[in-house]
Amino acid sequence: MNEFLPLLLVFLPFVPALISFALPERMAVWRDVINISFALAKLALVGFLLLSVEDGVTTEWRYEFLQGHDFILRTDAFALLFITLSAFLWLIATVYAIAYFGRGPHLARFFGFFNLCVLAATGVAMSGTTITFFLFYELLTLATWPLVVHKGDEKSLRAGRIYLIYTLAGSAAFLAGIVWLKSLVGTIEFTAPPDLSGIPRLELTLIFILCIGGLGVKAALIPFHGWLPEAMAAPAPVSALLHAVAVVKAGAFGIVRMIYDVYGIDTVSELGLGTPLAVLAGATILYGSFRAVMQTDIKKRLAYSTVSQVSYIILGASLIGPFAIIGALVHLVHQGIMKITLFMCAGALDNRMGIKSVADLDGAGRAMPVTMAAFSIGALGMIGVPPTAGFISKWHLGLGGLQSDAPWVIAVLAGSSLLNALYFLPLLYRAWLLPPSAKLASVRELDGAWNRMLILPAAITALATLAAGAFATFPFSPLSWAKLIAESGYLK
Amino acid sequence: MAIVEHLYPLTGAVLVGLGLYGFLTLRHPLRQLLAVNVVGAGIFLILGGLGRGADSTDPFPQALVITGIVVAVALTAFGAALILRVAEDERAPDGTAADDTNGNHP
Amino acid sequence: MTLAFDLILCLMIIGTAASALLMRNALAAIVFFIVFGNLLGLAWLAMDAVNVAMAEIAIGAGVTGVLLILARQRLMALGDDLVCDEMPGWLRAGALVACAGFAALVGAAVLSVAPSDDLGGPIAALMPSLGIENPVTGVLLAFRAYDTLLETFVLLGALVAVWSLAPGTAWPHPPATLALTEREGHGVAAAFGRLLLPLALVMAAYLVWTGSDLPGGAFQAGTVLAGGLIIAVIGGAVLWPRGDNRLLRVALVLGPAVFLTIGLAGIALGRFLFYPPGFEKALIVAIEYSLALSIGVTLALQLAGPPVTPDHKG
Amino acid sequence: MTVAPSLLLPVVILWPILLALLCLLPKLGPRMLLALPLAPLPALAAVFLAPRDQTLSVTWVLLDGGLRLTEPGVLFLSGAAVLWFWAGVYALRYMRGDPRARTFALFWMLVLAGNLGVFLAADLASFYVFFALVSLAAYPLVIHDRKPASMRAGAVYIILAVIGETALLAGFMIGAHAAGGTILIDEIRDSLAAPRADPLVLWLMIAGFGIKAGLVPLHVWLPVAHPAAPVPASAVLSGAIVKAGIFGLVTFLPWGSAWPISGTLLALAGFSGLFAAALYGAMQGNPKTVLAYSTVSQMGLLMGVMGAALAAGLSAASVLPAVALYALHHGLAKGALFLGVGVAGKARGVVRGLVIAALAMVALSVAGLPLTAGALTKSAIKGSAGDFGATLIGLSALTSGLLLARFLFTLPKAEKEDRLPGLMVVPMVALAAAALALPWSLYAAVTGKAPYGTIDFLALGVSAWPLGLAAVLVIAALGIGLRAPSLPEGDLLGVVSRVSARAVAAAQAAASVRASEKPVENGQTLPELAEGLERLERLINDHTATSVSLILIALGLFAALT
Amino acid sequence: MSPLDLLVAAPLAFMIAALLSGPWGRWWLLAAIPVMAGLTVWLLLLPEGSGHVVGGWTLPLGVQLRADGVAQLMVAATAVCAAIVGLYALHEFAPGADRSETAHGFAFWPLFYLLWGGANAGFLTTDLFNLYIALEMVSLAAVAMAAMGSLRAALRYFVIALVGSLAYLLGVALLFSNYATVDLTLLAEMARPDLATKTALAVMTAGLLIKAAVFPLHGWLPPAHAAAPAPASALLSAIVVKVGFVILLRLWFEAFPAIIAPAGLELLGWLGALAVLYGSVQAIRQDTLKALVAYSTVAQIGYLLLAFPLVATAAGTGGAWAGMTIHATAHMLAKAAMFLAAGLMLKAVNGHHLKDLHGLARAMPLTVAAFGLAAVSLMGLPPSAGFLAKFLLLEAAVEQGAVFAAAVLLVGGLLAAVYLFKPLAWAFAGSDTPVVVAKAPLRTAAPLALALLAVSLGFAGQAMVDITAGSPWAGPPATEAEDVQ
């Protein structure tokens, strides 16, 4: 039974996906119910797995889809970190999406692909080999595209096009890299890094560049980040779950896997690949923040913020050190929670009051205090203000940088924090301190079940943001789990 | 003497070249059809001519040639009909829908 | 046959072919093509390939020639004078070089192969078991019966393909009547046709029968039959049938169907297209007769072209 | 003590946070003003009950840190608690009827929690949490009245606060790393005391704490922000919140090891603030601004002393008690003075005279009039300041005197007859009394020696000459009718803001140019290429070309095969 | 008894039946599908390389039929495509309103069976002359079907195809003269690197490149495939070009591997690479849907050629060989699905252009989904069979250090994404005027089934690899035909 658990976990969302595609619009209520219940079921399953993995039990499922090519799903601790995040946020985002869209058009399609995305994200997490990873990684690209173009207007279509070109080009590079590597050392399972000693350094370096370049597209490393701000043309739930969590995280997750499970930190250090990557990540952090400051559209600002924040993970992973990797892993979760909060709030503001640009935000806090409070917590978290989750991440990353003799990391973090403050605080200022326009004054934030449902998810994740920071050392907190992962194999 | 033995197949080779040249330079489909038939005849000559023994011709290539000739005529007939229909269509009173379906489609 | 004859014949073949290709006048080109076909027939005769010679003259020169003439006539009626656009000289020169090179390559390849009748012996050895004497028929209907079976379907398919070209409202009307019927030769042709059709039938039957032992066979017979049919139609003795005429359909598929049935029946006795010992000749002849009929009708209808709407002036 | 008294420590912080959460309740919110004085009560209890230097480790929270009360911490905590309490009492009257009373109460509680928490934190993470809470939550207090000037002041405040936070975080990280990844403050300080410690940590911390404490030249926010807030908020800002910065220095500076360069720099910055701020403040027209400059000046003194002590490598025991005591006095006195501004504005006639007299007493104490509590604390601190420092401190009485005199003359007058609310007067008086009395009572306990063991009046008189000179100058100026010039608030700020405004404008212009230069998307790119492709395809579609290609490929293949 | 000949005979029998049944002819399909399905399964169950000579006439006289891996895979894929496309076509090629025959409605079905039978004949025979006839069966049916869309395109197709056929026939003539046999398995034993053989191989290959529409000989394909009715296009792109390809395989890897010079393989590989790039670029430029899909065929065929040098260099039947054959299969299914879906969509909006698809994703989600899934396979994205194929090829290319081939494989996939997402983007675009589409469950299911199959075959990778591994070129050629009674 246990053997099939990974399979079940990955393909569980397939059921609601199919049902969502199939159900006619008049049965939308059933669709909602099924979506939420499956999200809950998955969360329960993840909970069960969490307990077993903490005891050191990993389950795996393999299937030889081609001779010499295993399809492996495995629940190691790192996978579970990502899965837990995605399962939790899936539930949140599902509730949010239901409330956000109400009873609009194309929803069958939306929820169908939405579930497929979660499937893919879970698959990415549980992949046990590079090829398996690639399979789900591509599936993620594909399943996301319909969501990006969901609105169907000119901007969305453009965004979809750009998204595809970027991500597919990235995938191609990644594929080339893994195939090359496989031709050198055979199948690579994410259990222990293979022996790469006999392979010319140049080849290894080129493969690394190909793979990281490919993964870096999704992770929005500069100069491959161009798709992300464009993709904000998608509706808020999409931006929230996918661009904050699933897609970019898949890229970041993959980079961590590359460094720790494919190459192994020893090889990476020996080849001297960590530092350039870290520098690139650092540049991305600063550049993303800098660009965010210049945006006037709220979602675009958040998007550039994502560009910046995701690179924290890469920075941590590439620094190679106990604190750094903990920082990277924990930020994987923290950034997800915080960014989804921000996006959900931004979506709610747009949905309820048509607020899109920074200038529209004046007085929004008066009209929608709960939403803006959640937004504020998310924003403060992004800045790294304690006791939010962002602080915990930054703390470990900073120490990690120092541990790895890269004190410049501190400067990067500090600069990024300042820039974060520069682009988030004015939002809070406008929302809370400027007088609202007449239009906003009439909004009743919590009137009606739909509206409450729209606010609730963001409120929950905002509290989670606080809790993840304030109770960082609580068992099963992201930090504790990140430490578990780090101790179980990523620290040598 | 090689040339003597190879007279007919060599003629076939020349026909292939000639036919091909005709095909390339003649810009009317019916003439091209004719040219293709010349090429075919050349190939048949090669096939038959190289199957000549001391006293008789190998029946096997003969059979192949007959089959080939029949296939060729079938195709030529279809080709001619097609050329005709294209010409008809181009001169149809409503020239607009000329190259679309023949109106047979529901 | 002497070398001189062979040489002259080859030169004439090449000459007529060149004329057929290079003549500006389409009709002249087609006439040259027919002459070319007949000369080819002579060449096959010179190579002791009487079966092929008959096929070439009947089908290669005859049917194809009629086809081309009819097509030209109909095209002229549509205002297409079949004049080719002049190509630039350098293009012609280029084409000439390319084709010459190609022909040289093929010629060299041909020269590198010594002519021989390697399979003549094995075939001759097997012939007695078939009970027929014409080895070409043996190859066509026994050793390579599979090829021939498929080929009959190509022929049938070609007719269906021609029919599929029918303009919108034309199907299932008959094809256009042949132009001669409206001219002065009507009466003569009609009388001739009426006479010729039975004659053609008889001759076709004879060709099939001799085909077992002497040169001849279903294809040649079918061509004769087609010729008779066409002349009969020209003469007005027979009218083109409608495309959905049941009898016509039966006539068309008879040959292929019989062939296929016998082939499939062979499975019961062992394998596909297996002729039980002792019945070989009977089966082959049965196939040939049915084929001849179908081929005749098919070829004739192919010559007739796609159906036209009744008020259409062909 | 039946219940473990150390459990009081979390309560000190959680209680105001709980009250803050209550503010969020819609019905209760505006009434929470009444709860303002309740918020610091657990802190007061802790001052008396909680054990000293005993860490209560708190697992599962943040990075598994702890809380504890150190000796200097007690003084800071008690001073702050007292000030917060009385200011709270004052505020509940002062803010009555204010439309944003709920917001005020909410952030008041939060700042209070942070402020008190800073004094209790035993680990970096919680210290940083509380410090950030103070910094950020104080912003709404600064901009409470939403007037343009306040908003500007708030902006300056928040920018510098964030920069300070960032510098601190960077310093903490490097410090923690140097100490082997620990987050316990004591261990980090010890590692800083090691000979090969990185001075960068020190500088980052000095910058971070210095911003909060108004270290010149990082003080620019202070003179604009403190006056912008409502009176009780100004009082706690100037009296208690700046002390968070001082406490940071007290806690983190590696006492006992000599840092000549860093210490001297800090001393220079501090002492220059001591004089410059006082002089500049003396030329202000707004009494609250004057007081704010006074804060900058006084804190400059404290930091100057600490810098000198650091340079000299004095031990913690010799420096910190005096510093804490000084801070305590200053906090209470400054609180009283700020509250006095509000009181004076409502009083007329004799009452006003009494109020001014009381304030003058406090002011003289701050300026260091011999035998006052202020002089006492100054004398205590001189010991750590070195000779030169001590001289400067002595001289500073002149500038302080001028400044505070200016303060007294700028006090507002009541516009109309109004009943002076007791709830405003009592806190002021109480704070003044505490400021004047508490140092006396604590002096012995803190410094270990009796105040003025032998009172040498002559020496005292002589040492008071700067103050006397100040008095003479003031009287002279009054006599000739000289009015102090009114300089704009915020000294260096004007320059900085002008430069930054210009930079922002330039950046925006550049950005807009770039945006307009973006090539038009979706247009036909490379029309020549498209046309070429079109022609190529037409050529290929022709069967002549196909046949030629066929021949060529056949020949090519043949060649390739041969 | 053997399915080898029945797989050819059965469609021909149905052709006759359809001809005789007049307006009811189309319903024979319902009988044909189970029969052909059964035969196909039977074929798949045959031990690899089993075959027999027709009528018991031994080589070199007779015609040998044989079931090797390629044949099994291709016949099976053809059966699936033909069956589903046939079902789809039931509606389109139907009698007129008054139950009377129409030219297309009548003629399609015999041609359909002719094509099916011809394709099977081509896949199953080892006889080069027999292959010629099979090729002509298929070509004839294909041209006639293309003519149902555009006469002019069909004429062009016809003329060029004729040239290709003759080139092939010329080669057959030379080979027969040289070796006195036209059987591949015998030729493989006798092959000599002499002038005639090389000329023959070169000429035949060139002719087959026309049939397979390989750049730059593809000119006939886009107009013909784009104009034909959807089911016809599906058959043309899926099956017809594959017949030429399979013959190429047999020539290069079965009959004459011994005399093939690497330069020849390289040349084919280059043509393939150019086809991929050129076809993709042209596809990107199209603004009509079916032209785009047709150019995609040009590009996809390029991969098959690109694989030639890889296959020749690789050892064993793993990697490149499997990748190439699986690609052919995947392309069959996916392209058929795509044409059917395109046909449905264009019919619904009554237009041709990409922009006409505006908002169709809402009106006909299943059809758009089918198109999308087919696109996934064509782009070579997981988990489709197309991905599997590309992955195997890529792996082979990397292992052999064929950097250029690897790059083309990757870039080709990207370009495919670019052109295939163009129509999808239009379909997903919002629309103010929703299209109302008549319900047609069967026709909607057809492309979806094909596309799902193309995608889900990715999970059956090893099965397909196993099937294609049973191909003669890998081991010693089957000398004596094993008779299956």
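As written, the chain order gives the labels A, B, C, D and E, with residue 1 at the start of each chain.
Assume a residue touches a chain if its C-beta (ideal position, glycine included) is under 8 Å from a C-beta of that chain, and two chains touch if they have at least 3 such contacts.
In UniProt terms, the chains line up like this: B = NADH-quinone oxidoreductase subunit K; C = MnhB domain-containing protein; E = Proton-conducting transporter membrane subunit.
The shown structure was predicted, so the numbers you read here are calculated from the model rather than taken from an experiment.
Colleague: Which chains contact both subunit A and subunit E?
Modeller: Neighbours common to subunit A and subunit E are D.
Colleague: Would you indicate which pair of chains has the most C-beta pairs in contact?
Modeller: Among the chain pairs, B-C has the highest number of C-beta contacts.
Colleague: Taking each chain's centre as the mean of its CA atoms, which one is most distant from subunit C?
Modeller: Between subunit C and the rest, the longest centre separation is with D.
Colleague: Suppose chain centres are the mean of their C-alpha atoms. Which chain sits farthest from subunit B?
Modeller: Result for the farthest chain: D.
Colleague: Which chain lies at the heart of the structure, taking centres as C-alpha averages?
Modeller: A
Colleague: From the C-alpha centre of subunit B to that of subunit E, how far is it in Å?
Modeller: 26
Colleague: What is the distance in Å between the mean C-alpha positions of subunit B and subunit C?
Modeller: Each chain's C-alpha centroid was found; their separation is 12 Å.
Colleague: Taking each chain's centre as the mean of its CA atoms, how far is subunit C from subunit D in angstrom?
Modeller: 106
Colleague: In whole angstrom, what separates the CA-based centres of subunit B and subunit D?
Modeller: Comparing mean C-alpha positions, subunit D is 98 Å from subunit B.
Colleague: Which parts of subunit D, given as residue numbers and ranges, touch two or more other chains?
Modeller: 543-544, 547-548, 551, 554-555, 558
Colleague: Give me the residue numbers in subunit B that touch at least two other chains, ranges are fine.
Modeller: Answer for subunit B, listing residues that touch two or more other chains: 9, 16, 20, 23-24, 32-33, 44, 46, 50-51, 60, 64, 67, 71, 74-75, 78, 82-83, 85, 89, 102, 104.
Colleague: Two-or-more-chain contact residues of subunit A, please, as numbers and ranges.
Modeller: Subunit A, residues with two or more chain partners: not present.
Colleague: If two chains touch, include that pair; go through all of them.
Modeller: A-D, A-E, B-C, B-D, B-E, C-D, C-E, D-E
Colleague: Quick one: in the complex, what on subunit D touches subunit E?
Modeller: Those residues of subunit D that touch subunit E are 530, 533-534, 537, 540-543, 545-547, 549-551, 553-558, 560-562.
Colleague: Give the list of subunit B residues in touch with subunit C in this complex.
Modeller: 2, 4-22, 24-28, 30-31, 33-35, 37-38, 41, 44-46, 48-53, 55-60, 62-67, 69-78, 80-85, 87-89, 91, 102-104
Colleague: Show me the residue ranges of subunit E that touch subunit B in the complex, using the header's touch definition.
Modeller: 61, 92, 94, 102-105, 129, 132-133, 136, 140, 143-144, 147-155, 158-159, 162-163, 166, 169-170, 173-174, 176-177, 227, 229
Colleague: Could you list, by residue number, the parts of subunit D that touch subunit C in their complex?
Modeller: Those in contact with subunit C are residues 544, 548, 551-552, 554-555, 558.
Colleague: Can you list the residues on subunit C that touch subunit E in the complex?
Modeller: Within the complex, subunit C contacts subunit E at residues 105-106, 108-110, 112-113, 115-116, 118-119, 122-123, 126, 139, 142-147, 149-151, 153-154, 156-158, 160-161, 163-168, 170-172, 243-244, 246, 249-250, 252-253, 256-257, 260, 263-264, 266-267, 270-275, 307.
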